[in-house]
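Could you have a look at this structure, given as structure tokens, before my questions?
Chain naming follows the written order as A, B, C and D, and within any one chain the residues start at number 1.
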Amino acid sequence: MRLNRKVAILGATGAVGQRFIELLQDHPWFKIEVLAASERSAGKKFGHACNWIMNSNLPTEIAEMPIVNVDLESIRKAGNVDLVFSALPGGLAGPVESELASEYPVFSKASAHRMDQDVPLIIPEVNPEHVGLIPIQKKARGWKGFISTDPNCSTIQLAMTLKPLMNFGLSKVIVTTMQALSGAGYPGVSSLDIIDNVIPFISNEEDKLECESQKILGSFNYDRIMPDKLILSASCNRVNVREGHLESVFVKLDQDPTIDDVEEAFRKFKGKPQELNLPSAPDNPIVVREEKNRPQPRFDRKEGRGMSVVVGRIRKDPIMTIKYMCLGHNTIRGAAGGGILSAELIVAKGIA
Amino acid sequence: MRLNRKVAILGATGAVGQRFIELLQDHPWFKIEVLAASERSAGKKFGHACNWIMNSNLPTEIAEMPIVNVDLESIRKAGNVDLVFSALPGGLAGPVESELASEYPVFSKASAHRMDQDVPLIIPEVNPEHVGLIPIQKKARGWKGFISTDPNCSTIQLAMTLKPLMNFGLSKVIVTTMQALSGAGYPGVSSLDIIDNVIPFISNEEDKLECESQKILGSFNYDRIMPDKLILSASCNRVNVREGHLESVFVKLDQDPTIDDVEEAFRKFKGKPQELNLPSAPDNPIVVREEKNRPQPRFDRKEGRGMSVVVGRIRKDPIMTIKYMCLGHNTIRGAAGGGILSAELIVAKGIA
Amino acid sequence: MRLNRKVAILGATGAVGQRFIELLQDHPWFKIEVLAASERSAGKKFGHACNWIMNSNLPTEIAEMPIVNVDLESIRKAGNVDLVFSALPGGLAGPVESELASEYPVFSKASAHRMDQDVPLIIPEVNPEHVGLIPIQKKARGWKGFISTDPNCSTIQLAMTLKPLMNFGLSKVIVTTMQALSGAGYPGVSSLDIIDNVIPFISNEEDKLECESQKILGSFNYDRIMPDKLILSASCNRVNVREGHLESVFVKLDQDPTIDDVEEAFRKFKGKPQELNLPSAPDNPIVVREEKNRPQPRFDRKEGRGMSVVVGRIRKDPIMTIKYMCLGHNTIRGAAGGGILSAELIVAKGIA
Amino acid sequence: MRLNRKVAILGATGAVGQRFIELLQDHPWFKIEVLAASERSAGKKFGHACNWIMNSNLPTEIAEMPIVNVDLESIRKAGNVDLVFSALPGGLAGPVESELASEYPVFSKASAHRMDQDVPLIIPEVNPEHVGLIPIQKKARGWKGFISTDPNCSTIQLAMTLKPLMNFGLSKVIVTTMQALSGAGYPGVSSLDIIDNVIPFISNEEDKLECESQKILGSFNYDRIMPDKLILSASCNRVNVREGHLESVFVKLDQDPTIDDVEEAFRKFKGKPQELNLPSAPDNPIVVREEKNRPQPRFDRKEGRGMSVVVGRIRKDPIMTIKYMCLGHNTIRGAAGGGILSAELIVAKGIA
């Protein structure tokens, strides 16, 4: 396994692109080689084109890097790239990622290809076996590279908590989300819209939660993904929080486990990233808080360097079976960090 | 019906007490005669004892009024009171309200007596017939006055939307609330706890929602209230909003009405307050917004002068039957305004 | 004086344009006849093109109005307009307002023409005599109409408090502003930029405060405005407040008035709008609050229906002469309301 | 120099007390031996008595520690303490600190003794020579220990920027502060008071800024502190920011340095803590940001692990001489971190 991989970041100037840069700064396997963005920024120095919104300072060597346009030719010219992270916005992502996948492994945070039949939708702790789609995809499309996608931010943290519940016969999920502002990108939500307010709507978010969960929790039959029969109903809200999505979850199980059983299932949950000791893997994918008023976005979003999902308030539910709150860092585990962990898994497995 | 009633307000210096004062300023039936509060404030002028937090200015004549202690003797001495509004905090409310009810009609926003078997828990549009408990209560307790209570703020707005759904065979409700800061009183929630945060816990709130709904929607058999068989499960959160509780509601109905049926049921819903044309009655107890991103606390909380509940995003639900968002002004309809409307109903019916 | 004037609003879909619509809804003199905006919105119904952000509901008849393009020809065709309010953004305002002024009286909130030598920069209570520039302007430019401008929001409220201090020999002003989000328009400031933050910079704002004040407080010598010799130094900040600019002001006076003298000067200050009893004139242009912790944006911005400036914390200053806080509603007095009051003044004087 | 000092923290459950605990967790010289608080908490385990509001998790070994009462006898019994950090609230601090100083070196964040003639008011980079008061104090009071105080949070960051300006003949300062919520302690400011608002008043804060600065910048004549002749005028505001005070500063200098001169003076400023390489000393006491919109609380408060002051927007001022913005972390440099640095200085000098 050759580990000193050179990476390109597509959509590098956006909120998720910036988080990729921040998280890859001292990464032991991946080194930033190329920063790419749309025509508007291409040709400029990153430090000039980007309104850096991370809390950390923009690293000087990154500020000095030129931005290249997001097309195969430009990226090929710009450096000797081994793999590509895509943080492109919706419309652009579809064709650009397909173009680049003809040559490079592309790890995408965009929704464009998530539901493509031969594209895996990966949460490394949840469905690592879905990477088996990659050779099928390469063959079918005649590509040297491939596309691997990560789910939507609100889906990732929820699906991580659903996975250990499948042992109890998971059948139905009702979820109301309270999602952070950074999930809408930058500039994203106007301050005038959210001060002293909640917005009870996020475009397409409920659909994504409902569809993606079935694919993620589905089984891979060495040919394609058979979606799980889970029924999920979501109601999504934007709240005045900078980072960290909080979700109120009601779950129907076939069995009737005790609260302690459920808590233990959450605590014991580990996956391939922990087994393989991947660089971005948190020790505990799920952390359970005992306090009656946790998890809270401000206090819990950085758990496991933003890669753990924090669960609390596990209670019996008189209609479904259990209810609980879960919290995840939407731009780390829910975006750039999740993408990096997927790439680590696929590299560690020798697929990229 | 003698309409020029003199009222005392208990707990006048608190957040709900202040809202009572504001709403009663130009009330056609009720006139503020006595302001009462706990020992700490008693004896002072209201303007000195109270940290006025309403957006309107504190009326000068109110600022000049003396505060009397919250006991029967003090209130009796302070004026010729016809009825009493109680905005007392939990612990104090129980005994004080009982003492005062021996002589006065007491309309209480406190939770102390809500679940007492002979005390009505009133939402005037929903269960006006429950006032039939009052003569039973007076007789049983040998009181000249009585206690009538209003539900918890988060319950009121939810129960108002559940009432018209009973025609479709309402059986189960799952609700996640996003509640405003003013619901915690003043000073209430520390700014350090809520900035860039959500608190996924409100003490006793879920229990109140679950129990009070059954009583409110129950039937009065001329002797006592038979609780409704509704099963309700709640998950309550505090968000960084000043006023206006937003609730994400999933409802199981025996029938399968269309979205239009449900919308029409909400729109057509009227009750005794509208029929009797009570002064604080909104024209429409429920207002339906068509926009995909409404209701929102900041824009919709003042609907019907804060007395309407605003519903939006009515959708089919794949697990329950329908889902929707509802919003109410928690210190007007959910507190002081609701209490005043209850008093208007009971006065109009000649019971007080 | 014919009072039933038909008006066009330029930039009607923006934050200030919306405030014009709201304030003109029941205006006794002015009636909205034409809504104009840039090409992007022209041709659409207002209700479709505009993301309405006022707290009040969008009036149905306004929602149904078509939007016309902001050029002379389109506006001429669209209706029989008597005068024009411009809430156009910077770049567009300059040429468009000049074009329209050839035919109509144009009352502009844009900065483009504020410092033009023959264009008045009006605060009706402060420098009503500057309208004397209008005939000079019309003659010089050969226009049937004219341009009259209002100062920048942060300047208006400050200049209103400086005017009565001129009697004490005003010479120097140091001001630090804490300005509301709505001052940046809509969508304006990203929520991610302002949550848990202050931004200590507003583009061009300090220059505007420094230049405009001298013109406003200058004297009209029947030919042109002689700028006042006042020296003003500003430091401007954006804070997490929806509406209402708060300013910390330190003033150097030649005389040494007592605090009472200054307070009395503020309280007694009246101007032409009060004298002429103009529809939008507040009873008191300046309201003084005695409390040690006022004015506050949330509580004081609506004073005088948003047309009064609220002053508090008047203190002796050991370096300058006095210091105080002042607050104004930046989108009412500081924008649309100020523009309407200017138009009322000029109509009342028979100039338009 | 014996470095393994055992420390007691007074007022350990409060916001500043918690910050002391957090910062001392891995301190190379100081080890937490005793946690003390008022009667209400004494006797309980820290984890039970304290509502932990730091972003980091409460360390388990701290949670298990018992809280002792804040009196000499209790602390003596509780452990073998070498020095004491006091984060006591105002009223309590005066007598308790005096009692403890009879035996221990007391480093106090409270205001009680700041202006005592024989008590130093230390910012280690600014006036380290003022520790010369300590032997004078011990002798005069007959104490084995002593009291050393730190200035108010808003004063510390300002005084650090004023010190290097003294070379240009500093004579007058006008400052408007925008202070963070954590400066008011916990629970401190009610969320209802600050949402969508600014509070233009902080009790005693302006006086503290005005008096403390003169003492800090004063000279020690081997007998007492001769206050500097600086005249300072302050206007203090509370804004909706969690941590980080921002100050708008206008300074009158005898000389007329260029912006570059001033910037260089800020950048080159170092003091005893840097010279002695104290554990909590930041590399750069003052960091200058070049961007036109910095410093900002959210991005800059953690500079130098919260121990640096960040300056930006240095401009010529037409009334004074220069103006600039400065930002400091009010609970690190402005409170617990400042207190620890003072203790490090005094320990390093062999005085404690």
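Here is the rule we use: a contact is a pair of C-beta atoms (placed from the backbone, for glycine too) under 8 Å apart; a residue touches a chain by one contact, two chains touch by 3 or more.
This structure is a prediction, so every number in the text was calculated from the model and none was measured.
Visitor: Regarding the subunit C and subunit D pair, does the interface count as same (over half of residue numbers shared) or different (under half shared)?
Guide: Shared-number fraction above one half, so same.
Visitor: Report which interface contains more C-beta contacts, comparing A-B against A-D.
Guide: So, comparing the two chain pairs, more contacts are at A-B.
Visitor: Can you compute the centre-to-centre distance for subunit A and subunit D, using the mean CA position of each chain? Integer Å is fine.
Guide: Once rounded, the distance between the two centres reads 41 Å.
Visitor: So what's the Cα centroid distance for subunit A and subunit B, whole Å?
Guide: 43
Visitor: Mark out which residues of subunit A touch at least two other chains, giving numbers and ranges.
Guide: Counting only residues that touch two or more other chains, subunit A contributes 195-196, 240-242, 298-299.
Visitor: Does the chain-touch network form a line, ring, star, complete graph or other?
Guide: complete
Visitor: Given the complex with subunit A, which residues does subunit B contribute to the contact?
Guide: The contact residues of subunit B facing subunit A are 172-174, 176, 178, 195-201, 231-233, 235, 237, 239-242, 246, 248, 250, 252, 292-299, 312-313, 317-320, 323, 325.
Visitor: Which subunit C residues qualify as touching subunit A in the complex?
Guide: 15, 53, 181-182, 186-196, 240-242
Visitor: Where on subunit C does subunit B make contact in their complex?
Guide: Residues 55, 195-196, 298-299, 302.
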